[in-house]
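One structure coming up, written as structure tokens, with questions to follow.
Chain nomenclature is as follows: A, B, C and D, assigned in order of appearance, with residue numbering initiated at 1 for each chain independently.
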Amino acid sequence: MRLSELLGREVTDRTGVRIGTVIDVRLAQDGPPRAQGQAALRITGLIVSPRSSGRLLGYERTPKEGPWLVRMLVLGFNRGVRYVPWEWVDRIDTTPLRVDRAASEIPHLRDLPTPPGRP
Amino acid sequence: MKRLLAVTLGILTAIGGFVDIGDLVANALVGSRYGFALAWVVPVGVVGICLYAEMCGRVAAISGRPVFDLIRERLGPRLGLANLAASFLVTALTLTAEIGGVALALELATSVNYLLWVPLVGFLVWLVIWRVGFARMEQVFGLAGLLLIVFAVALWKLGPDWGQVLHDASHPALPPGEGLPTYLYYAIALFGAAMTPYEVFFFSSGGVEEHWTRRDVGVARSNVFIGFPLGGVLSLAIMGCTALVFFPLGVGVDTLGQVAMPPAVALGKVGLAIVLVGIFAATFGAALETGLSAGYTVAQYFGWQWGKFVRPLQAARFHGVTLLTIVVGVMVMLTTVDPIKVTEYSIVFSAVALPLTYLPILIVANDPEYMGERVNGRISNTLGTVYLVLVLAASLAAIPLMIATKAGQ
Amino acid sequence: MSGVEPRPAEGRVYDAYLHLLDRQVVDPDGELICKVDDLELELAEDGAAYVRAILTGPAALGPRIGGAAGALMTAVHARLSGGAGPGRIPFHLVADIGSAVTVSARPADLPIRGFEDWVRTTIIDAIPGASDAPE
Amino acid sequence: MGTPLVKRLLAVLLLLAACAGPSFSYRDYERKAAHTADEAASVVGSAMLTVELANGRRATRAYLSVLLGEAESTLGAIQQTFEGVQPPDRHADRLRAELGEHLDGAADVLAALRIEVRRGHVDALAGIAEPLGGLHDALEKLAEEHR
């Protein structure tokens, strides 16, 4: 399976209510160790936007920085963006993807603690 | 001299934006038709290109990533491809025109028809890209292009009433018989040319060619803040010369031959010789800038090895693209299309390319994951946002104005 | 997978589209190899998913571009390469993820160089000076 | 690669430029005549400057020859475009004849200048160019009257 097959997929909650579209996939470097001792990248969750397009622009972790125009763009893109933990995804071979929770239980991206970034 | 040699990348880049074949004629035409009434556009353009060239030079120095890498990353493959198509067309059309421009300069010197020079010029442009090292290339053509400073000397020799010039430039008024749409069309054409996208492609890729690192942010800045203002000065000097020589007579400039007249009027045969060598060097330099940029953009979009810092064998696809672009450019020129008209029509593609090029630069120049401490300051961001809006407005207005005024006729 | 409590993330966290896709892939000497045109995922039995490889080349990029342009890119590549899939760089070779993705392998050892090799042998190699070192 | 499309585009643009189009009213015709006279005056003015350069020995023969050749062909194109415009009535015929006379006069002088400069007779240019001043003023006056 390719990562791009996840991007752009529609996501619904347990009852079939639309949550949005997958705009990014969050990865953590904590999988089983690989050949050179590096841990594999594991999918930890999906970033889902209520709009049908849009993307993260790179300011999500430091929302106070950047020029006003870009901040507004980011704010616009991120309004209502949610984070669906990978374990909550019911099956990945269906369209739309179904999340085994009610929409109200799914956290907003901006409420999550800032993940540890790159060094 | 050493200081000047260190900033030749900025100078050569600026030549492509301010005194390439299209701009030489556009500056002269604007001076001859509007006097000093459009001079204000040049400083506006200089500030804009300085701002964004500084950002992309800093990004290239700190991360090693040239502009089209940023475009692909932040716009994704689809919008990135749209930008690639538009930017490549602008660049390739301009390259085509520059080949014609070099040939026209040779015709002025020898009176041998320019079409006979076109294949030779195409071959020479390719040969320099193929063989000559990047540093030597930018030094030779950047410094030789500075011979156009002869326009400033001619302007001084023509001895205008400087108080009056300053007044005309700061109180722009439409000359009788000229319409506002045409005036605006030329304002946008000059602004668009100053901020033409291949400048940032070339400048940032050139920084990578010169192996800039974190320590070279200062070098990048001096290139920007010396090179582009110099380009702007040349541009204004040409405009001033034709404003003095042609504007009072009601003569409109539309050929390269006429562009070279003011230095001959003011300085005689010596002036003429210097201006012809200067035009040759500037158009040839712009041909190198656009030829390389055509290769840079495609290679950087697809992730191919590019650059003159490796053996040509190691960057086969990159050299393949530049070679093919030059060959097509030569063939288009040989159909006897007017080189100056070709640059006028490339403005259509600039309209798409400009905003899609400058937005990703602004975004990445602010990204701490990329830039660490060296993110944009408040001034860069405020002005950057203002110019992004200006660029967007100009690119939206360019095409309707071009149609309404029949490209400024 | 349903009902499983989310496993908290340890180690560094990346957003795949933002930090990986469309980035330049380089070797340790800085030689430019390709772009991260897509990522290949691996689904484990317990429902966890891992990144297995970097995919590159028109066969990976075409589907992402989509539309007529993407279809054309995919079709032309399939035609010229005899239906080969995308180039694949196993993810365990990735040494660093920064403004570029560094892999610990020589480009020549990776099975992703078809077009570059073709252009080199048919056009560039035939021109004098092709293997001269830069000034 | 892009050539056929570019060529086709250029062909369309050239066609559009070439079709000055039929002219319907006298006023339209007058405006076109004024525009033509303006452009021609600009070419003539440029040629006068060129001759001044030649007089002062301020330019090479090659350069003068290119400039005068360009002036001649530019004027030829202007003339051809104007002649392609259909005059709507007798009134317009008179205007056409008047402007045509100036254009012909200018074209003759420019051709003579080009011929002499290519023969190397730079000194002869000033004498040949004498009528240009009058023609320039006549063209500007005509443009002014019919604008």
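We take it that contacts are C-beta pairs under 8 Å (C-beta built on N, C-alpha and C of every residue); 3 or more make two chains touch, one makes a residue touch a chain.
Computed from a prediction, not measured in an experiment: that's the story for all the values here.
More C-beta pairs in contact connect the chains of A-C than those of the other pair, out of A-C and B-C. Ranked by how far their CA centres sit from the centre of chain B, the chains are topped by A.
One inter-chain figure worth recording: chain A and chain C are separated by 22 Å, centre to centre, where each centre is the mean of the chain's CA atoms.
A straight line joining the Cα centres of chain A and chain D is 67 Å long. Averaging C-alpha coordinates per chain places the centre of chain B 31 Å away from that of chain D.
Looking at chain B, one finds that residues 76, 369-370 touch two or more other chains.
Residues of chain A found to touch two or more other chains are 55, 57-58, 117-118.
If each chain is drawn as a node and touching chains are joined, the picture fits none of the line, ring, star or complete shapes. Remark: the chains found to touch one another pair up as A-B, A-C, B-C, B-D.
Those residues of chain C that touch chain B in the shared complex are 17, 19, 21-25, 30-35, 37, 56, 61, 64-67, 69, 98-100, 107, 115-117, 119-120, 123-125, 127, 129-135.
Against chain C, in their complex, chain A makes its touches with residues 1-4, 6-7, 23-32, 34-36, 38-45, 47, 55-58, 85-92, 100, 115-118. Those residues of chain B whose C-beta lies close enough to touch chain D in the complex are 89, 92, 107-111, 177, 245-246, 249-252, 254-255, 257-258, 260-261, 264-265, 268-269, 271-272, 276, 324, 328, 331-332, 335, 337, 345. Here chain B touches chain C in the complex through residues 63-65, 69, 72-73, 76-78, 80-81, 130-136, 299-300, 302-306, 308-314, 316-317, 319-320, 323, 369-370, going by the rule given at the top. Those residues of chain C that touch chain A in the complex are listed here as 1-7, 9-21, 38-41, 43, 47-51, 55, 60, 63-64, 91-95, 97-98, 104.
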